[in-house]
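Note that the chains take the letters A, B, C and D in the order they are written out, and that residue 1 is the start of every chain.
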Amino acid sequence: MSKYQEIREAAYDANMQLPKLGLVLFTFGNVSAADRSAGVFAIKPSGVPYEDLSPQKMVIVDFLGKTVEGDLRPSSDTLTHAVLYKYWENIGGIVHTHSTYATAWAQSLRSIPIYGTTHADHNTVDIPCAPPMSDEMIRGNYEYETGFQIMNALKEKSLGYEEIEMILVGHHAPFTWGKTPEKAVYNSAVLESIAHMALLTEQINGNALRLPASMIKKHYDRKHGADSYYGQ
Amino acid sequence: MSKYQEIREAAYDANMQLPKLGLVLFTFGNVSAADRSAGVFAIKPSGVPYEDLSPQKMVIVDFLGKTVEGDLRPSSDTLTHAVLYKYWENIGGIVHTHSTYATAWAQSLRSIPIYGTTHADHNTVDIPCAPPMSDEMIRGNYEYETGFQIMNALKEKSLGYEEIEMILVGHHAPFTWGKTPEKAVYNSAVLESIAHMALLTEQINGNALRLPASMIKKHYDRKHGADSYYGQ
Amino acid sequence: MSKYQEIREAAYDANMQLPKLGLVLFTFGNVSAADRSAGVFAIKPSGVPYEDLSPQKMVIVDFLGKTVEGDLRPSSDTLTHAVLYKYWENIGGIVHTHSTYATAWAQSLRSIPIYGTTHADHNTVDIPCAPPMSDEMIRGNYEYETGFQIMNALKEKSLGYEEIEMILVGHHAPFTWGKTPEKAVYNSAVLESIAHMALLTEQINGNALRLPASMIKKHYDRKHGADSYYGQ
Amino acid sequence: MSKYQEIREAAYDANMQLPKLGLVLFTFGNVSAADRSAGVFAIKPSGVPYEDLSPQKMVIVDFLGKTVEGDLRPSSDTLTHAVLYKYWENIGGIVHTHSTYATAWAQSLRSIPIYGTTHADHNTVDIPCAPPMSDEMIRGNYEYETGFQIMNALKEKSLGYEEIEMILVGHHAPFTWGKTPEKAVYNSAVLESIAHMALLTEQINGNALRLPASMIKKHYDRKHGADSYYGQ
């Protein structure tokens, strides 16, 4: 048995959640699960349909993107995962999808305004949309640079990766992360729901207002603050 | 066996309807069931996924919000439920969800106009949106004040809680209620459907008209009047 | 066994298609099946959930709306069905739903423009929206008058009931019909699909054009003309 | 056993994917599978519901549209398939659906702008909408002319059928194709997803921008270029 069995199974379980939650069509998404002590992560193999996956088919890759174990090619987004694991020391899982509403916001090059408490239960700020990459970055090591584009977008807004666990990559689609792959998948589903409701909010009221600061603070604190008590 | 077995089961059954009706993502919702003679209600425990619920896991709380029986923490919205049970003597169930379309209207801070007979079969007026709470209320006992915000919004429109069994809380999401938890869940599903169709109505006709008074009266009376005969 | 067993089963089977096709929430819809030789029709009982229906629970009613057989109260829309059966001699089934998109068009008081071949495969004209009823009609025998409102709307547009088998009742919702209850249910599903696509068409192109006459004729003729050959 | 057993099964399997992927209502779609060496294709019989299909019910037709084997009438769109097989020598499967979002774009007479990487992973250009046919073509051999309308629309944009495997037929609905029927079905599902997200993108940002050329090239090359490595 692989010494990476635990992350193989964690990555497999988390990947299988994506079709169940309606977040992927065909193979348009992937989840990875990191083993920090071993300095590697397990990730979906490239182009394999979800119904054909198994823990054994997951590919083990190190934080430089080199395959360590596995016969299949890792997801083409592997280098983006690798970069984020390398620089963000406290995350254990990453998810990338092309879920319908979050992707539409990414294609629109707009951050998602914080219109309600569903949003505030998870984030205190608009969900950022990283700007399109420069031609140089695109023509270079594209997936690697995508990781830096994500990190730079957070830096520019003075946001830490533990403060906000989701982002849109302009013209492309969302990435989410978390302490565990399960949490990262949860974040992808939450993001899709927030993205859907934000569009509807603007359609119902063309002059919709962001949540007031007091409300943002209250909702975030009751879930994440020192005296958190949230849970519906 | 708990002497509250009946409301434990009623609350459990009603909570399990929420995912079936497509009204909740993860744990973003909760139902409670009241035992008026005992002065308590059973409510969903905080943060427990629907698939892990059981009647035994429901928490028994009194109308001041104090836990009477149960090992788990009650839903973080418990105080809102408690206030409404305390002041509205004839309700037996309350539901809170973040269902997509009703929540989008709440985020838009707009009441839902009465555009058709699906709406009029259940209400004679626009479904009210309670205004955002003051910073003072938010920073204070937030969930408790949410209950008062709901009651005040009805009072301001001279509506009784037996006349209209659903409301939007501005920036937040819907609450519904009824004589039984089943009826309250029914109301949540009806509200979501009305919310969806009202948005579409405005998209199809930017100058959509409210239902005329004669039609509102007819549809409401045939379902709820002295000589009611409605049932499709 | 009831001598109306055949229409009891036909009405039951057709009613059970409504939830399967996503056309009803709770009991917001009903189908009837006529026996022309006996001068009666079988219709869904009032307010009974679909999962509790059976052929035996259908109510047998004559074309004046009088119950002939059955212990339950017939659907509150029964008189509308009765009027249409009485005046339209060649129909064998009627369906009423509050399906989301068709109802939104009805609430918008707009006929559905003929934007594409999906529409033209079934109708040569815009799907008419009957205007709101007068206060007098509403306060009078409402469901009975709804039948006349439908017939008058077709008459005004010089359309025969065999030429177009679907209509929107303004402020209310759609009715469809056909030679059999199955065909009437088919028409309800087709109408919902056309209603959805017509809204999207206007959202994609604010100046969308109706189908040209030559195309309408071609598509209708290949399905319904003397030399019809259509079938995808 | 039919000597066309292989394409009978391929066509059957591919047709059965359409309802599973949510691309058809009733019989509003069809897939064909070609046997190049025999100069024929298997296609769905006309008007037969998906649940009643079997490999044996597929109809074998030659590239002039003549039935070679089979008791049922082939789909009314058969001549369109035949023309495309005749002129496009490297395709092995064709799909026609009335899927909701792609059909709405076709009804809007607009090509689908390339707004994101989901689109660019599959095409380097806007997905073309063939203009409405002339009255002469419509009144003539309509389905046959539909094939030419598709080929001409690609020609006018200097696009090869191996470069782009999907098109909208104005006022009508989409057609897709590919080396195999499976690939053609895949393309239909991808097109529907792209069509949905493109509409949402325009709703979120009324001035949405097309993907820059560098990004289009990158995404297309990594999936289809000489050194392709794509697979999520």
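Here is the rule we go by: a contact is a pair of C-beta atoms (placed from the backbone, for glycine too) under 8 Å apart; a residue touches a chain by one contact, two chains touch by 3 or more.
These numbers were taken from a predicted model, which means no experiment stands behind them.
Student: Tell me which chains count as touching both subunit C and subunit D.
Tutor: none
Student: Give the rotation angle, in degrees and rounded to the nearest 5, that superposes the C-alpha atoms of subunit A onto those of its identical copy subunit D.
Tutor: 90
Student: Please work out the Cα centroid separation of subunit B and subunit C, and write it as a whole number of Å.
Tutor: Result: the chain centres lie 33 Å from each other.
Student: Which whole number of Å gives the spacing of the CA centres of subunit A and subunit C?
Tutor: About 46 Å, centre to centre.
Student: Which residues belonging to subunit C are in contact with no fewer than two other chains?
Tutor: 203
Student: Would you please name all pairs of chains that touch?
Tutor: Listed by label, chains in contact pair as A-B, A-D, B-C, C-D.
Student: Under the touch definition given earlier, write down the residues of subunit B that touch subunit C in their complex.
Tutor: 115-118, 186, 189-190, 193, 196-198, 200-201, 203-205, 208-209, 211-212, 214-215, 218, 222, 229-232
Student: Would you mind writing out the residues of subunit B in touch with subunit A in their complex?
Tutor: 25-30, 44-48, 73, 75-77, 96, 98, 100-101, 103-110, 132-133, 135, 138-139, 142, 171-173, 199, 202-203
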